[in-house]
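Provided herewith is a single structure, encoded as structure tokens, for subsequent inquiry.
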């Protein structure tokens, strides 16, 4: 194994695949436990490991690879950029690559939607974007509390972690997570209780114990939380509640954005215009670290460098992100594809659900999942699927949802193959249980 | 301007250099204000803008480009990797690129030093690494407070920001920054007061108001804080104090590591073995986002995924980082170069200091600066230097230090040219002031 | 005006009633604004001002004077104690007065109920008792978060204030109030939503964002919150939820205890045995500052002096509190009286409510109120009542409840007189409004 | 034992002195462990227990009984007030007792010093006064951080506890104590380091990590911290630093005030006029719970009831406090007495210190102590003294100071007797150690 062509740089290697070096990784490693092999290359919706085995990828980097692995146009643009000695790193200097990204983003995304946002490039991870968004909302409003929702996931740095619901991450009593009050997501108490109305009641009541919030931070679809979807009418209510109570509306579109639900922004058809939007994951289109905070100009009250970071301008990501926009967002083709493929996946999951008592198909666009009722069951199904060549994972409060996050560009034939593997895994899991009991 | 060779992806562009698109960047942008031009390519220690002008780079991405821009071996390795469709993004899956990086890091860095660290790849920015380190120290010790130092800089996400001294970043009263108590850095009160002894007194006194700390977080050289250096004996005292009081010692080597002071770790010759070390910035060698937390195995008490993040495995960075290690850390050549170039810069700065009453040369290795006594003066000198083709910035509590962070690989002749420009800028600034007064 | 009989201590006084000296009180003063006169003596359920006018007291020190003003037996005991030079202050030393109080409390209150509590005397205010209770629960469980409820009031020192719902007190963003998560009180969303079940769902859901709590802190009747009553079944559910999730149940019986609802503890007939109970207000029986935390022995994990305070043993209060227990809690007479008087007040309030569209009678025992729908209206009614010689105040999130907190010992004839004044005030307010509109 | 003269209220008692009832007190009890007897009466500087033994009191309720126990003029005033059915409790209503206290306080304390303070009566404990003071400073300045000092003690409710240095009280990591940054008290690093200058440097340095403070909270003598005294010049520097940095100066005079240092305020001769002063402990003069916050009118920005509490008007305390002012603060007699007695105690402690190698006499006025170098030794001396009939306690970070807090009014002959007992205890302790070794 020598990816380097620079022979004189080779040192004696003791490396054998899957063995020694990974043992030195911290116990914190996780996906490598679910998929215990070493991957060497990937293209489109498939990944190949060091034994030459190829897998269909229904994980897509948790929706970071919406356009698949190693898109050839992006690869070509990258290689061209590298050949020309384009800047790879320049703090937040102005570079050609950044200029073209900004211009393209304005032309293809913001202007057609009438969105006047300013662009802030933060440290290139979603959690850094959330930290910036929350900080700015607090600065703009002079308030400290942010409302976030049950089952929300917004990252694990302390500021963002405070807004994240997952108890495994929340550090117990080791440190107080500051400045977040929890509200109930759409449908949390079932269809009969309007959780937006409840939030309004709590914020309107001067002795409810709910302080006036700086912001309401919300995902339109909760990916990690279990593919929970908010209704457009609920989102509009939340938008109205934010305005009524002087809070900014921040939509965290890190996982749901960049086309996962069919439209570029997950809220495109919802009739809301958030004050702040966070993007990351599939933004670079190529899996490269990149994060972006979109800020309504009225709220762009940052001082220079008030929120900074070494890697806030990942120029290779600008290069591929620009190609991603030009290739996929100049017309409605991708949206159509997502719609069709979404139907295809929904139908397949619905079929599977017939085998699993109490299971429920969840999600919208290609942000879909099958809630099988327990994390143990969902985990076993994914494990079985991997055995048959499908990379797929769970989400949800207890890991009870088998999550289908195939690249949006997955050819229908591959999508069908993946779903067949999944179906087989479901059946085998049930048989297995039947047999062993 | 079309860096893309994919013609059919081109949209009509209204872009003109330095103009429209950057106006849509948030007010938070900063370096682009100091260096108001658009850079299009870079190589080694120079950068070229869209007008074709070439600058000597004494900023090096704030020590992110210790090996210069676009190292040809790294470029070649990257292009090879891209050609082979190597994985660019794979969450924290095992990949060939990661395996080779880990193995190389163990072989060339850890084993020769007898360091048994486990490796945790976090979200690829320094602040994410700091967040992980602090969180782990709190978990391991069951304590919540971390000691950090005056003028320390550790990032701007809330957990790391709490440890950062800079008031501009600290958000005023908008949100309480949790879990950090401040101590005084080496020399903060002058040579006559031993601030390590003071810290020991405070931690030993049961009614000092200093709670038992989870960790002591320290930079051996404070880059943003003004190129303040800690003596090895002081670092050993801090190490002993941490052990005495049951706290972990975390060395933040994000800016000072990767050779900036001459050795790979800035503490290599200090006789300490920190419990946790954070690395980022120059780790990838190519300016690509990457961050690493080194954890003594005794403290690797993470649960799987307890601290996670989408981009914790930036495979392109693994590729270049591996080359960087093989190319620069297999022998002592770079160390010798840094020593020689450090002397060269120190002499030049000392000469300049003769012109500026009260100025002081600070730092070690190639982590050097000239404290000219005021931020206004330092800023004016850097501004003048840029006018003459040198990219250089300030640091320090009030921006009073002109900071020389040239790539470690800067050829002596270029280094000298840069220093001549700087000298000229100093002289002109003084003349200008003389003239106008 | 010279209450002192020590003539040689008299200084020349410029004092005139209602005038000069009170102008030097801070703007924070409040009740003196509602009742702008100077009171000189009081007995039973009446107060007399410096002009000789006598008022019926339906405020009773916000339920601090459940046995009325200046009970003659308590006065006699106090004077006897003072004559004998009994200790008035002794930190937490053992004194005769404390011994007799503890013994009496055990004999008359704890033992008959089979309650094994330990007694902690804190600084003699309710908020100090709450601070101690929360601190202990955090120590015992090793958790930091406490659940408290919408419209709860537990005091205004920072630890207790965090649990208090009232936004006016909560300091805006000036300081983060630590360690409290809010839940919804019984009936907060109307009869159709079971808020106990909701709390259980939130605590059971590992990604709800609700951390495992150290304690659930609850009032059985929310006095300041608007005389909101919790059903016994709901309290039992909350008790069960606390146990299920490893949290302590703390009942704040500061206002509702000492007979206000008819029984000594407000939860006597509810079938729950809280882990911790806080008492204050009417505990001394004479209006003297006193506070008590009752702790199940399993949880009495305090170190000596871990929570301390100068006035934790107010011996004059021990003297009167002992008399109060002996006089009022050796048989069921007071309970019977409260029941009869509660019916009497309820009927009267119900009659008044016929005049006020949308008004609602709330409460139980002699902890009663009339919700008239707006703070403006309730305030005007109380103002009018004071004009006619009745001291009465409002409570509730917006001050919308006219609160009847007459001493439990108020003779029926005085109670009736007070209610007639209140009825008249309601009518006049409505006429006034009718006339002026 | 029947202090009650109301025979029909007597219940059967199982009480035996020192036995049963106190076993039901929480483990948190502390002084009763040091002085394991039951006290039944007290007068002046002596206390008598249930066996009839009389002790000299050098504890004086930790300076709560500066005028001794059961001052006969105060007793008489109290009994007169009770006879007249004066209000004992009236929330913060205007009462005759309060009026006379305010007027007397203005006439005898504030006006002669030219102090324009407004008076806020808080819940009647020192910690409640501190909570109010900190809250107000945060409101007035819009800042959240308060500076407090090493070894400071300000109470144990969470807001005040954050400012208290004692680790035993600070709750470990169970909850973050909000909003306090620690500075070093006068002399903390010995005579050669000016800790006021250090504080100024830290507050002036924009990247020190010290945020702009709302207030500086300081005791002129640290009682619990070990009888540490601040020099007047240092206090003036702190005053100037507060003003320079826009912070309020809060002097916590709860223990040092009311004459303990000779003057009414401990800072009377220091040339400072604090923005806020807190008083409690000896304010009522009779050991009754009372607390007062003095606020410069410019800062009296409270809204009505913004900080409240049930017992903020303890009228019995107003009665005795008025007598205390009239009796002791109309002329300089007490000041002269304190000066003379202070010299007497200082000489005696100096003599004792000759026996104890390394011991140091500390304090000023009658706020004095002997630092004997270890808590074990100081505890043993106090234990031995109690054996001989002297009630005396330790203070200091490790309990290493034998603290002499005799009532200011202690007749010289009693003072001498007490000091002789103490001297004997010191000698016996040393002999004992000598013998056993």
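The first chain written gets the first letter, and so on, giving A, B, C and D; residue counts start at 1 in each chain.
Please note the rule applied: a contact is a pair of C-beta atoms (placed from the backbone, for glycine too) under 8 Å apart; a residue touches a chain by one contact, two chains touch by 3 or more.
On a predicted model such as this, the values are computed, not experimentally measured, just so you know.
Participant: So which chain is the furthest away from subunit C, centre to centre on CA atoms?
Facilitator: Comparing chain centres, B lies farthest from subunit C.
Participant: Please work out which of A-D and C-D is bridged by more C-beta pairs in contact, and write that pair.
Facilitator: C-D
Participant: Between subunit B and subunit D, what is the separation of their C-alpha centroids in Å?
Facilitator: Each chain reduced to its C-alpha mean, subunit B and subunit D end up 50 Å apart.
Participant: State, to the nearest whole Å, the distance from the C-alpha centre of subunit A to the C-alpha centre of subunit D.
Facilitator: 58
Participant: So the centre of each chain is just the mean of its C-alpha atoms; given that, what is the distance between subunit C and subunit D in Å?
Facilitator: Whole-Å distance between the two chain centres: 29.
Participant: Residue numbers in subunit C touching 2 or more other chains?
Facilitator: Only 138, 142-144, 168, 173-176, 178-179 qualify.
Participant: Please name which positions on subunit B make contact with subunit D in the complex.
Facilitator: Checking each residue of subunit B against subunit D gives 138, 142-145, 148-153, 163-168, 170, 172-173, 176, 178-182, 188-189, 192-193, 198, 201-202, 205-212, 224-225, 396-398.
Participant: Quick one: in the complex, what on subunit A touches subunit D?
Facilitator: Within the complex, subunit A touches subunit D at residues 173-176.
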